[in-house]
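Next come two complexes, and both contain subunit A; in the first it sits with subunit B, in the second with subunit C.
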Partner chain A sequence: MALPPGLSEVTFADGIAEMRSIVGNEWVFDQPADLNTYRDFYSVLWGEPEEKHASAAIAPANVEEVQAVVRTANERSIPLYPISTGRNLGYGGAAPVLSGSVVLDLKRMNKVLDVNESNCSCLVEPGVSYFDMYRHLRESGSKLWLDVPDPGWGSMVGNALDSGGGYTVGGYRGHWEAVCGIEAVMADGELFRTGMGALPGSETWQQYRMGIGPCLDGLFRQSTLGVVTKMGFYLFPEPEAALSTSVEVFRFEDIEELIEIMNELEYGNVFNGMPGVSSPVLSQENPIAMSIVPEPDVMNRMVAETGHAAWRASFNFYGPEKVIRAQWEHVQERYAHFPGVKFTESSFVKLPLSPEDLERVQKPRFGIPSLDIFSVGSRGYGNFNPSDGHIWFSAVIPRSGKGIIDANRVMRRECERLGLDLFMFVPSVTCWTRSFVLFAAVPVYKDPERNRHLRDAVKEVIGICASHGWGEYRCPPAFMDDVMDAYSFNDNKLRRVNEQIKDALDPNGILSAGRYGVWPQHLREGREA
Partner chain B sequence: MRLLVASAALLALGIGVVAAQEATRTGPGAPELAEGKAVYAHWCAPCHANEPGLAGTMSLAVKYEGTDIPAVLEDRTDLSAPVITFFVRNGVAWMPPFRPTEISDTELEQLNAYLTAPLEDRGAHVPLLGEEMVELNARGEQ
Partner chain C sequence: MITRRDLIKWTAVAPALATGSQAAFARAPQGLDALLLDERFSPEPAADYARIPVMRFAGDVTGVWYDHLDRRWRDPGYVLGGITGSDALFVLETLANHHGRRVVSRTALAEPNIDGVRPVSWVIAPHHPSVTA
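On to the complex of A and B.
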């Protein structure tokens, strides 16, 4: 068993015994067979001495038990690593960042505490998965929608805390943007509520996010500062209809204006669904991995020879049929001057979905959770060479034509030079409305030699991206220090401020040590960039 | 209709759906298997259901191509409790292990009972959650 660094066996055993008395023997896991299930199954350190292992896992049933466990840990400086559903695969799973941490497994806290149909909001515990919430809404006859990420087994709370995203309407599909009200257990065991939750008797916790003074929700995003035990969300009222369309243009040089108009239309609320930008002519070999953007004349010749569009912008609308049809008409007017432009209405459905319509739509675009996305890693998916998992490389890039082209070329060239395989490569993901996020899925293997090469290559890519001004919005534990280091303005002031806050709120450094590059004081030595 | 479309798609993927097994698979199944079937529906079906385009079913179709072993776990008659337990707690390929806070040891026993029961006791294949809820709401609208 990996003991927490600097902790004696006696103190650790004493702490675990105390935690056992709090949650009950059944909910303490410290045997190898159980701890095996807490490993990060997609770890790039799998089977190596540096792999991050939990020393134990504790699964409290309620807030009071969380408080008692945190106090126990704080009194003995035992590091804790909270997880919600532990399904953050590709970004760390259920394993801690610091080996030897005790995983605080919140999966048992799975209550939907409130759904407010009038306010279009909810309040949930961290163990509530998208599957759970979707079932709850549908079985209760709610008229509210849930925005879901690709894998539906994740936690609403955990996914929002890591800034995950989905596919429906702006303001909801960036899951952190839809948060309204947080309750967290702080490192001293005290309970804290943000926004209007701090005012006893308020009925507006899920209505007005800010409350008074500095908005402290951000303390808990990708952080090491608290154990989130409740979270409020805005939910989208089910629309009357949904329309999916696309605009295809046929010249390399059309990309800049294509996106400028798309931005104006989205930010002006002409469409509300998630847009997309792709290149049919550069996706012929692999529909989920855009190939390198060639020189303009080469790309235009490819377009002429194949008939495939150079670029495709997709538009999605949710609302009353009359309104969304008028919006789509306006979008077409705005692009009518592009030579050879092609408009396509790919699907129109009235809601609620009928069983027949369900067969022909993409589930996440209708807030329906599934695990369908994992088929891309399956034997039987094209000619894909099966791996043992994947990690995500997810860099924030400018939302412009130049942004896509520059990031595509740099990533494609550098990954080829470094021998880094990508099985999914999309430079223009728009879950977060004001930028693109470049998504690249890198296959991982349970093979130390291949993973060593992968780690070195990814670290180099992080540095190259940073030199272009692109930083990752989220990453697996093995790269958290490198990514935080890249945010280096003013001698890494961002990390230094985070460390000051850490020291003030968690002086014993017991919570989520090392997450996103923020370490407690006693583990900071020698980690400076 | 949906089942027919799904079956056609499975056949297109090279997944053998044995007609004799389909014929025995109706109704809720034996009451003593209900808990295990619910565990299967929640945790396994999203990748292993009798539907096209699911990671587990697609993978097993390739793995057992040319044999008479079905791709859908609910159709298997060769699984044993130790084998199911091993895969649930250790994972395989892209499928991660499941923690005891997700599938408890008791629930794992119930799952084992379901997947090792005679086919005729298992009842109809479990639906995917989305399909189940859309059907539910469609009935409610009528």
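On to the complex of A and C.
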């Protein structure tokens, strides 16, 4: 068992015994077979001495038990690592960032506390999965939609806390953007509520996010400062219909204006669904991995020879049929001047989905949780076998034609130079509005030698991206320090302010140590060099 | 945590699932509460076998999870056998662990891989006191 650093066996055993008395013997996991389930199955450190291991896991049943466990840990400086459902595959799984931490597994706290139909919002506990919420909404006859990430087995809270994303409507699909109201147990065991939750008797906790003074929700995003025990979300009222369309243009040089107009249309609320930008001519070999963008004349020749479009912008609309048809008409008018432009209506469905439509559609586009993503490899769609694993490399890049082309070329060139395989490569993901996020899935191995090479290469790519002004929005634990280092404005003031807040709110450094490069004081020495 | 009764159940089941998928299915997998078959590796239709309900799917476990296992695994008991792709087993095993269950037997089958996915036979059984029958 990996003991927390600097902690004596006696103190640790005493703390675990106390926690046992709080949650009950059966909800303390400290046997190797149990702890194995808290490993990160996609770890780039798999089987190496540096792999992150939990020393134990504790599963409390309610807020009071969480508070008692946190107080016990705080009194003894035992590091805790809270997770909601712990399915953060590609970004760390259920494993702690600091080996030896006790995983605080909140899976038993899985109650949907409130769904407010007229306010279109909900309040949930951390263990509520997307499947749980979907079932709750359907079985209660709700007219509300939730937005889901590709794998529906994660939790609304855990996913939002790591800033995850889905595929439906703007304002909902960036999951952190849809959060309204947080309750957290702080390192001293006290309960804290953000926004209107701080006002006793308020009925607006899930309506008005900010409350008074500095908006403190941000303290809990990708953070080391609290154990989130409740979270409110905005939900989307089920639309009457959904329409998916695309606009194809046939010249390399069309990309800039294609995206400028797309931005104007989205920010002007002409369409509300998730847009996309791809290159049919550069995705002939693999539909989920754009190849390198060649010089303009080469690309235009490829277009002429194959008949494939140079670029495709996809538009999704959710709303009353009349309205979304008029919106699509307007989109077509805005692109009508592009030479050879091709408009396609790829699908129109009335909602709720008929059983036939349900079979045919991509479920997350309709807020329906699914696990289908784990079987795409066997359909020959990329070389994807989930039991081997992968990590996500996800860098924020400018939402422009130049943004896509520059990032594509740099990533493709550097990954080839470094011998880094990518089985999925999409430079223009728009789960989060206002920027693109470049996504690359990098296969992980159960072979230390190959993983060592992978780690070195990814660290180099992080530095190269930073030199272009591109930083990751999220990353696996093995790269958190490097990514935080890249946000280096004013001698890494971002990290230093985070550390000051950490020291003030969690002086014993017990919560989520090391997450996103923020370490408690006693573990910082040596890292600053 | 693993009761004697459970052990007897699983030891009866494990060898039956340890051969190729056709043979595994042909032998009576006594002791299971249900059998899960992945059509990618076991294409012919099958009714319930030896009174054991058979659930079929093709790679994507969403329906099996949402319509059956999500509910079944909330209650104690329920020993599930399967002949599936390793990708589907990965998903099911992760869900099983979360629900106090474990893969208690796992055998790679001799059938050819499909796009790198191996067929595997397995048994998932209750493990945590909250779900052991």
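As a working rule, the second predicted complex is superposed on the first by the 516 of 529 C-alpha atoms of A that agree within 3 Å, B and C clash if a C-alpha of one lies under 4 Å from a C-alpha of the other, contacts with A are read in each partner's own complex, and residues count from 1 in each chain.
Rule of thumb we're sticking to: a residue touches a chain if its C-beta (ideal position, glycine included) is under 8 Å from a C-beta of that chain, and two chains touch if they have at least 3 such contacts.
Remember, predicted model here, so these are calculated numbers, not experimental data.
*Asks:* Once the shared chain is lined up, is A:Glu238 touching subunit B (first), subunit C (second), both, or neither of them?
*Replies:* Touch partners of A:Glu238: none, neither subunit B nor subunit C.
*Asks:* State whether A:Leu353 touches subunit B only (first), subunit C only (second), both chains, or neither.
*Replies:* A:Leu353 sits against subunit B, while subunit C stays out of touch.
*Asks:* Quick check on the superposed pair: does A:Gly141 touch subunit B, subunit C, both, or neither? Answer first, second, both or neither.
*Replies:* After superposing on A, A:Gly141 lies in contact with subunit B but is clear of subunit C.
*Asks:* First (subunit B), second (subunit C), both or neither: which does A:Glu460 touch?
*Replies:* neither
*Asks:* Tell me which of subunit B and subunit C touches more residues of subunit A.
*Replies:* Of subunit B and subunit C, B contacts more residues of subunit A.
*Asks:* Touching A:Gly152 in the superposition: subunit B (first), subunit C (second), both, neither?
*Replies:* A:Gly152 sits against subunit B and subunit C alike.
*Asks:* A:Asp372 in the overlay: touching subunit B, subunit C, both, or neither? Say first, second, both or neither.
*Replies:* In the superposition, A:Asp372 contacts both subunit B and subunit C.
*Asks:* Overlap the subunit B and subunit C contact sets on subunit A and report the shared residues.
*Replies:* 33, 37, 41, 85-87, 107, 131, 135, 152-153, 363, 369-372, 374-375, 377-380, 386-387.
*Asks:* Where on subunit C is subunit A touching in the complex?
*Replies:* 40, 59-62, 65-66, 70, 85-91, 94-95, 97-98, 102, 114-117, 128-130
*Asks:* Considering the complex alone, what residue numbers of subunit A touch subunit B?
*Replies:* So the residues of subunit A touching subunit B come out as 27, 29, 33-34, 36-39, 41-42, 57, 59, 85-87, 89, 93-94, 105, 107-108, 131, 134-135, 138-139, 141, 152-153, 352-356, 358-359, 363, 368-372, 374-375, 377-381, 386-390.
*Asks:* Considering the complex alone, what residue numbers of subunit A touch subunit C?
*Replies:* Per the touch definition, subunit A meets subunit C at residues 26, 33, 37, 41, 85-87, 107, 131, 135, 152-153, 363, 369-372, 374-375, 377-380, 383, 385-387.
*Asks:* Given the complex with subunit A, which residues does subunit B contribute to the contact?
*Replies:* Subunit B residues touching subunit A: 1-2, 5, 13, 42, 46-47, 53-56, 58-59, 61-63, 89-91, 93-94, 96-102, 128-131, 133-138, 140-141.
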